[in-house]
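Next up, some structures in structure tokens.
Shared between the two complexes below is chain A, which pairs with chain B and chain C, respectively.
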Partner chain A sequence: MWRDSVLVAGKDLRIEARSKVALSQVAPFGVVALVMFAFALGPDRSLMARGAPGLFWVAVLFCTVLAVQRSVSVESVDGARDGLRLSGIDPAGLFLGKAAAVAVQLVVLEVVLGLGVTLLYGARIEAPWLIAASCLLGTVGLAATGTLYGALSAGLRVKETLLPFLLLPIVAPVLLAGTRVWQAALAGGVPADGTQWLRLLVVFDAVYVALGVVVFGPIQEAA
Partner chain B sequence: MAPPAPPSPAVLLRDAVALSGRFPLLAGVDLQVAPGETVLIEGPNGAGKTSLLRVCAGLVPLASGQVRVLGLDPVRHRGRVRRRVGLLSHASHLYDDLTVGENVRFAVRAAGADPARIVDACERLGLTGRLSKTAASKLSAGQRRRVALAVLAARWPELWLLDEPHAGLDASARSTLDQLIVDAAASGVTVVVASHEAELVGSLATRVVTVTGGRVTAERPAAGSAGTTAVLPGPTSLPPAGAPAQGHVAHVA
Partner chain C sequence: MSPNQGVHPAPVQSPRARLTVRVVGIAAAVGVALTVWLGLWVTPPDQVQGNLVRLVYLHPGVAWVALYLAFGLAAVASLLYLWPRTRSLFWDRLAAAAVEVGVVFNVCTLISGSIWGKPTWGVYWAWDARLTSTAVLLVLFLGYLALRRVPAEPEVRAKRSAFVALFASVDVPIVHFSVLWWKTLHQGATVLNPDLSPTIHGSMAWTLLLSFVALSLVFVWMLLVRYRIGVLEDWLGSGELDVALRERQAEGMIDDEDEAA
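This part shows the complex of A and B:
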């Protein structure tokens, strides 16, 4: 399983390194979304700083949808998904590999969006470890659920529109917990116990990683 | 002293019915292929040739009937069967952003095969030098087909399922493919070729099976085969996975 996951993650990251879709399209999209939020909120810097945690995670969710769609689409060309199935590769390894590749891309995107939030919204980080922990745990959950629901929608002709519809409600706990942790970590934010929300993220990650390992194979066959 | 048990068939289908929604892909196929045999499946477009191969690869489950591939149920023992089976289909299963060499290496490693054959396989299919470093997106249809063949040759599975293998290949590549099939058969590999170009494959096969309307409608020895193979009536139910089949295959001089 681990050998297969490393193989698949390496393949997906190599494809991303060649195509640069995450860096040249998804990251700029996320930054544009942050700018649009800033326009919508108006020139009040304190309002933007207060909204920064939620807006950061909404932008991350949008980027997740795009990254997952890209991860699904590379397997849709020239029967690549059938090729993977025919290879007899371990489905759990395939799930972990694809999720790991999405997670690596999301971490890069979160760094870009985090910089955007601090520069555009004037957010000041007081507890960097909380920010790092929430991003790490949130990324695992988003990558796992995204990969799982990406496989679920892969065989459908309407996958581009169905995936966000399926995925966004499912990852609401990540949005909620991530936002609360960021509020606790940013100066002037709403006082909150960040570690409590980190625990929710750990549970969410454990549930969806375990679910993916178990059901990815049957989903892949049925899609 | 009891005679040795006959070998388990490489492919065994009994009254196999496969559906796509409510549309029948296979409508009761009975077929038995002996280990090491090279069988040509012929038939018009839409006859069920591709579906037959996809059932054997475990990509399409049966709605009813029974199937054994290399003695195993290809759906229940999906991973074990697929690592021993190679399917050359209409698609080449290539990633456009990877080079030819990267595609071959990934496919061979994903199948858990020994990567030692990769260099030989690529040389045999002419995928060396600059071509091996070319992105798959820049390849012609025939070149993509050659890459898929190189993956098959590098993996060298026990059962080759070839769906219209000559399609898109030039004369040189067709000749290479024919030689690959001959070598595979000589090494004991079972080859099932679906093609409506019988004249291209007929000389390589030992038996020709005609599929029409999702059923096997005729079987005959291939023209020019040294021995002809007749499938005698098999069992009414399948043996457990891995057990020798009760039906047998007789070689007729």
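This part shows the complex of A and C:
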């Protein structure tokens, strides 16, 4: 299972390294979203700094939808999905590999967006470890749920429109928890108990990674 | 006349099933009528809330059906469909019917809650924990219904929908706790509180209990009717396919005759 997941993750990341879709399209989209949020809020920097945690996570969620759609679409042509299923790769390994590839791309995106938030909105980070922990834990949950829903919607002709509708409400706890941890970690933010929210993220991650490992095989049959 | 008359006969409902639907329907109607009578005329107004308290005979009952009965049943039915030993389209149709009726009750919960919220809290909508998790639940299950509308083979659709229901169901407790920590304003549970001792008394408690029973019966009746519609929909769908196949075959025969001539 682990060897298979490394193989699959390596394949997806190699495709990304050569095509640079996430880097040249999804990351700039995230930055555009941050600029649009700033326009929507007006030029008040203190308002932006207060909104920074939530806006960061909303931008991450939008990018997650795009990253997942890309992860599905690289296998939608030339019968690649059937090829993967016939190759004898363990479905659990396939799930972990695809989720890991999405997670790696999301971490890079989060670094870009985090820089954007500090530079554009003037957010000052006071507890870097909380930021890092929430990003890592949030990313695992987003990648796991995204990969599950990506696989479910892979065979649908309406997947572009249906995926965000299905995925975004499911990851609402990640948005809530991530935002609260960031609020605790930024200077002048709302005081919140960061570790409690990190525990919620751990539970969310554990539930969906475990579900993915168990049900990814049957899901592929249903797609 | 349906397009597949003569190909498959319409699935017939057994006399016993028809009787069950009718009995449940009449019981639900009587229960609702009694609740309305007791709730609007017999029970006294509340000391603090006045006549507004009469919403207690609607709102909690509707919420109970939406949040526990309907979505609980949908989760269990979806799991039973996914479990290979109990896999049957029966569970799939039951889950679909439960979600659809549950969504109606969920919307009624939000509407009746808003009507109650305006005079008591001063706003139609507050970002309170229960309101927020109810709204998230509504969106989750609207997604389920949207997925069901995507045309697919019944088995594929059933499996897909069951997975989405499963993922949504395991999300419900997480959403619940996250919004609970996030903010809370709603009053605590009145009847199903931890020590199970209702904090209201007399005719009000009985009317409240009756409203739960009556609305549950309404749910069961709607569920049965919706299940029957699901069966007929699938029958109509398979019939359309047969008609299309026969037309194609007929076209082929005309071509053959042309060639022979």
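The rule is simple: the second predicted complex is superposed on the first by the 223 of 223 C-alpha atoms of A that agree within 3 Å, B and C clash if a C-alpha of one lies under 4 Å from a C-alpha of the other, contacts with A are read in each partner's own complex, and residues count from 1 in each chain.
Note that a residue touches a chain if its C-beta (ideal position, glycine included) is under 8 Å from a C-beta of that chain, and two chains touch if they have at least 3 such contacts.
Since the structure is predicted, the reported quantities are computational estimates derived from the model, not experimental observations.
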Practice task
Identify the partner contact of A:40: answer first if only chain B is touched, second if only chain C is, both if each is, neither if none is.
Solution key: neither
Exercise for the section: Once the structures are superposed on A, label A:74 by its partner contacts, choosing first (chain B), second (chain C), both or neither. Expected result: first
Problem - Touched partner set for A:14, first chain B, second chain C, both or neither - result: first
Fill in the blank from the handout: Counting residues of chain A touched by each of chain B and chain C, the higher count belongs to C
Practice task
Could you say whether A:86 touches chain B, chain C, both of them, or neither, answering first, second, both or neither?
Solution key: first
Problem - Touched partner set for A:4, first chain B, second chain C, both or neither - result: first
Exercise for the section: Would you sort A:165 into first (chain B), second (chain C), both or neither based on which partner it touches? Expected result: second
Fill in the blank from the handout: Overlap of chain B and chain C contacts on chain A, residues 221
Completion exercise
Interface with chain C, chain A side, in the complex: residues 145, 148-149, 152, 156-158, 162, 165-166, 169-170, 172-173, 176-177, 180, 196-197, 200, 203-204, 207-208, 211, 215, 218-219, 221-223
Exercise for the section: Using the touch definition up top, name the residues of chain B that touch chain A in the complex. Expected result: 57, 59, 78-83, 85-87, 89-98, 102, 106-107, 109-112, 135, 144
Problem - Residue ranges of chain C in contact with chain A within the complex - result: 82, 136, 139-140, 142-143, 146-147, 150, 156, 159-160, 163-164, 166-168, 170-171, 174-175, 177-179, 181-182
Exercise for the section: Using the touch rule from the top, collect the residues of chain A that touch chain B in their complex. Expected result: 4, 7-8, 11, 14-15, 18-19, 74, 77-80, 82-90, 221
